[in-house]
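Residue numbering begins at 1 within each chain, and the chains themselves are lettered A, B, C, D and E in the order written.
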């Protein structure tokens, strides 16, 4: 009769294969070159990290009313402390900043409601996209319900930066979708108009567009007709990002199999019906990570409004650097700005990666 | 037999698919033309009302302002046209150098992030994630204002051999050719011819005998060696104008101004981080099976990389790399913020301000960036086509 | 045999032509895909189209609901001529259901939503009614219990059955099938063919591109053989299989039946 | 039968061991993939390795040219021990050709360049000579006329034959095959097996992971059956197939032969 | 015209600098002060009787003309030098001069430089898009000296660059030097060299082609100078209006006649200007004078009958 087969038991690997020693050997000291690289890296870390910790934490001064009080030899975070409100809200009157906070809390709550199953997603999206902006606008600008009017020229700081980024990306979305459809259309005029627009915008630097928006637009309008500078800059930013958005969305459209278009056609749906009901919902889902990435670049690019004289987050910090009480705090200012931007951008890019993974698995088995 | 129903009467003009798209396009075109015309006519009226002069004749007038960095001769009495040229060259130079440096940084960091050495990979990750997630303008300000403030004044320059580093820039000796330098040039040309000869010979020899000759290294040696021989023979006909600390500044020598260095460093480290990710993705995209196949053929790892992995990774790398190059060229315009006299600073800044001709100057700038973008992408498309795989 | 007889009977009772190709020609660029197609299909007839790859089968049936445009000749569907007139195209597409090789279900919609999309938006049916109808057809293809799942959660055979139900939901007078089983695993092919046979028995006009010769023998009224853009031979199944007229047909059949 | 006899004869004439596994153990992290492998292969022997998926077949043969590192025990190839010594690894890889399941041809090089790459760079052969040799092997696998095409332009079966020719171009003393036919269509499998059988007849040492039992019966000197990282049974083909010793082997064979 | 637009929208849009103490500077609450700011406030007072009906647009030197040309702002009051080219070919009109200035140099004391003639080889920081850039070039050329120009986009950054040691010299109008010196880390360590290398008449600018608006801005300025000359100030203007007998003064303050009509203003426009903003002397002292950090002497900016050159045509 046949011999019965019993697999021999698995043994734990030898210490040369696992465990901290093996790990060190494999990852840091596997060859002479690696030994050298490891030592070199340690040296670089030694050069960079301790001085930063010493400067930024150990010897730092956290409280104080002027640079003169920062005597510990390290960073003068007191500067950030004193100016914190301005960095966040610009020159927005401090007794009114609750309005900004309220708007932020509102949007967080609204977005959080997506997690609740019982709520109609479409209705919620429409609220966020159509009603919320109006509410937020009146909260920010005032002039209704006895809210004090706050000029847009007083809007600034991180508030302005986030506003520019968010409005830019949201507003560029419909325009980008139209341009993307236009570029893929087989109507020569629609196609070439979209193409020329997209490629022109993508060829020029954002500053030229901002410059046009901030000082030149009135030249193109009838005399006397003019509108708010913030609005013009927003339009500039929106046009700019819509060209990039169009390319992102086009990528999504291209990824939709031809069969989907054909199935929609065969069912007798019209062009717009098939776009809105069938193609766009699928394409947009595909491009969400791309959109988040565009948002990250736009968020960084909004710093350029500083060049056209708006005091966004970076602009506020630069301005504060010139305060006679705080001269010589340039590095602290930049470090703080870098830290904040980094948190935002890094967070969003991680989010976009997670999203990519999640959407990826959602599309399997088809 | 076949009972054709009456064709329905709703065959109206508007229901025809062809007509519909035609009408839509006509309307679209009309809107575009109308908006264009509206803006243009407003512009004309405004220019006229306000007595703003138009046209490009200002390009022939003397500019009157100085420019810090100019690679072609330029004085205050040169024309605006010349100033434009200077700015154009400055933009080109910073873009080109930026592209080269960013590529080097990107490749090194991309490879480092893939390194088997855990620490090296981690460091590269930290570098990439830091650079990518901080706005470029902020980085430029940092390199210019924060680093500048930390450097010594000229009197206390850091010195390395005949090089000086201080708030005014990086100074190096300036070579000045003396009599007999022509001989050195001849020697140089000769050595190149020789080197090419060696490379051709090495190739032939390989085909004949199969033996490899380190042709590239030796031709480098030949070029250096032969040139040096001629140099010595001519009696070292080169003098160096050394930088000297003087009352205010350093005199003599060659200088890289801080504006230039800051823009270059910011552009290349920032873009380098993006390129690093592209390189990494490109290399990862090459199937591991390719490496295994190469190894099982007995190829050393360095050869595997050079002959198998890199050529394939390049195909994936090129298209996104193109857009990074484009971004870098466009981002060079941020140099305006820290006194680097590139196009936006000189044309949209000073020239516009002196002449008041906004439309013309903006137009010039857009034209330059447009053609810069176009030429980079044309080149890259061509290269991409050349590299693309032949499929069934 | 019984089947064919039944078909005959039906044909005699409703002798009217529902699809008519008159001298249809079509080119892709320079490439002549359809050459002088003359062919007509009667109401309730079941046609199977076969032929080697690239012979123009798909192209031909896609002309019926104008997923492709022909350039010469005329196609009449239900008496309406196929041309650029959008109203005509819409009208015909309402009357013609189509099932694709790769199902082409909409992955972002549930099965139920896939089925009700066209009734609601094209036929302007109330949502409630549309859903009731959809459930009815889902039962008919035996997957009513999957109505709230997404296409990605079903097997290929199930997806194809949903696609058939989706086609039926338009309550079309004609159903077109373009190799509906060729992307499926052998076990799933049977599921789908069974569904189609059931449909055929209910007297729906069907045009089906397939190489399932068993199916052709069971349900087809006529088998059409195409090659190089032409209809080489069209005949009743027993004639077609047992006594093919053209040597091209013979060759094709020998290949396909030996496989 | 004749075949096995021939193999016997050869073995007797060259009795020397060319590959030797001594107590080889390997872990992936904590996972014990190879357990106490003791096994030796003689010059000219043809070994077929089979076993369920995940049993460690690929891992074992990839240890032979050190695409994988083992952690315990020793592997001797042609008398050279496998360790971290780069010179040893290089020397052995020159002597061992390998053919992968997915061919792994270099898509950016022509067929000819794929074949001459290693001879030129590793064996330092003159280009001319390398090309002549390459053409020779291409003729042997019957695709000399494709020499200037790119891999992407060939069918799977052709690609796999190129991969075999590429392995042979190193004029190795041992050829390793890791499921060389399992990514191919049935018709192409035959092309490739024919080529391998031809090779086997020329007396090359071969280690082949495959489930093509026909091939095993025709050419193998020994069949090795692995499960759970162990060699369960190794025997001459007729013994192995007709009279398997272990119940595990029997079970496996019953599955694979019924398939 | 511009006046109608301004009346319609209810405020004056005024382009100012991004921060020159004494001229136009915003505190950290965003309140603007300075002599250039006052020029705009005076215009607002004349039109609306309310000096607060102004909005300020901070502009860098290089943006300012485009902003004015395009209609982005109604008045440019940003220490802008009146020059031939600017007046003639930029589509701009200069109104009146509210500050006579001249370009100078600031250096660090420890350099030991005493005269601008010692600056051969120096590195010079300045702001982009100003006459300064051109004057500096002319000056060094004229005296055959070499220099390294570092032309920075914004004044504040030019000063930062100077302060961080990028340059030996910072050059701009002397008033600006005084203003910017207050922003240095160590103001006392820097000196302003005695030479004045140019004439810099600074004043508000309007768009070319709108004479009514130009007249308005010009005369708002002249009224302030005349008021100082007549001894009318914001403190006594109400009293004078009520009590004055002099028909000239009564007309000026709108107590009789309707002098504002031709400008499109109310009769009491001048009264409002003086009441809300004050006369020129008050403006000067408030923003630049002895009690400010700038501590500038009146010097040539004194009235003509006081040894200066401030001379306004009579209001008749």
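Criterion: contacts are C-beta pairs under 8 Å (C-beta built on N, C-alpha and C of every residue); 3 or more make two chains touch, one makes a residue touch a chain.
Model, not experiment: these values are computed from the prediction.
Graph distance from chain D to chain E, where chains that touch are one step apart, equals 2. Superposition on CA atoms relates chain C and chain D by a rotation of 165 degrees, given as a multiple of 5.
Among the pairs A-E and A-B, the greater number of C-beta contacts is found at A-B. Overall, the chain located most centrally, as judged by its C-alpha mean against the mean of all protein C-alpha atoms, is A. Each chain gets a centre from the mean of its Cα atoms; for chain C and chain D, those two points are 49 Å apart.
Mean C-alpha positions place chain C and chain E at a centre distance of 84 Å.
Measuring from the averaged C-alpha position of chain B to that of chain C gives a distance of 58 Å. Listed for chain C are no residues, as none touches two or more other chains. In chain A, the residues touching two or more other chains are 211, 215-216, 218-219, 221, 223, 307, 318, 328, 330. For chain B, residues touching at least two other chains, in rising order: 46-47, 49, 145, 149, 336-337, 348, 358.
Looking at the complex, you find that chain A touches chain D at residues 2-5, 7-8, 10-14, 16-18.
Note for the complex: chain A touches chain E at residues 86, 91, 151, 153-154, 211, 214-219, 221, 223-224, 226, 229, 307-309, 318-324, 327-328, 330.
Within the complex formed with chain A, the chain C residues making contact are 65, 67, 90, 93-94, 96-98, 100, 102, 104-108, 117-118, 121-122, 151-153, 166, 170.
Those residues of chain A that touch chain B in the shared complex are 26-28, 30, 34, 37-38, 41-42, 44-45, 187-190, 193, 200, 202-208, 211-212, 215-216, 218-223, 296, 300-301, 303-304, 306-307, 314, 318, 328, 330-331, 334, 337-338, 341-342, 344-346, 349. Within the complex, the chain E residues that touch chain A are 4-5, 18-19, 26, 28-30, 55-60, 63, 66-67, 69-72, 153, 156-157, 159-160, 163, 182-185.
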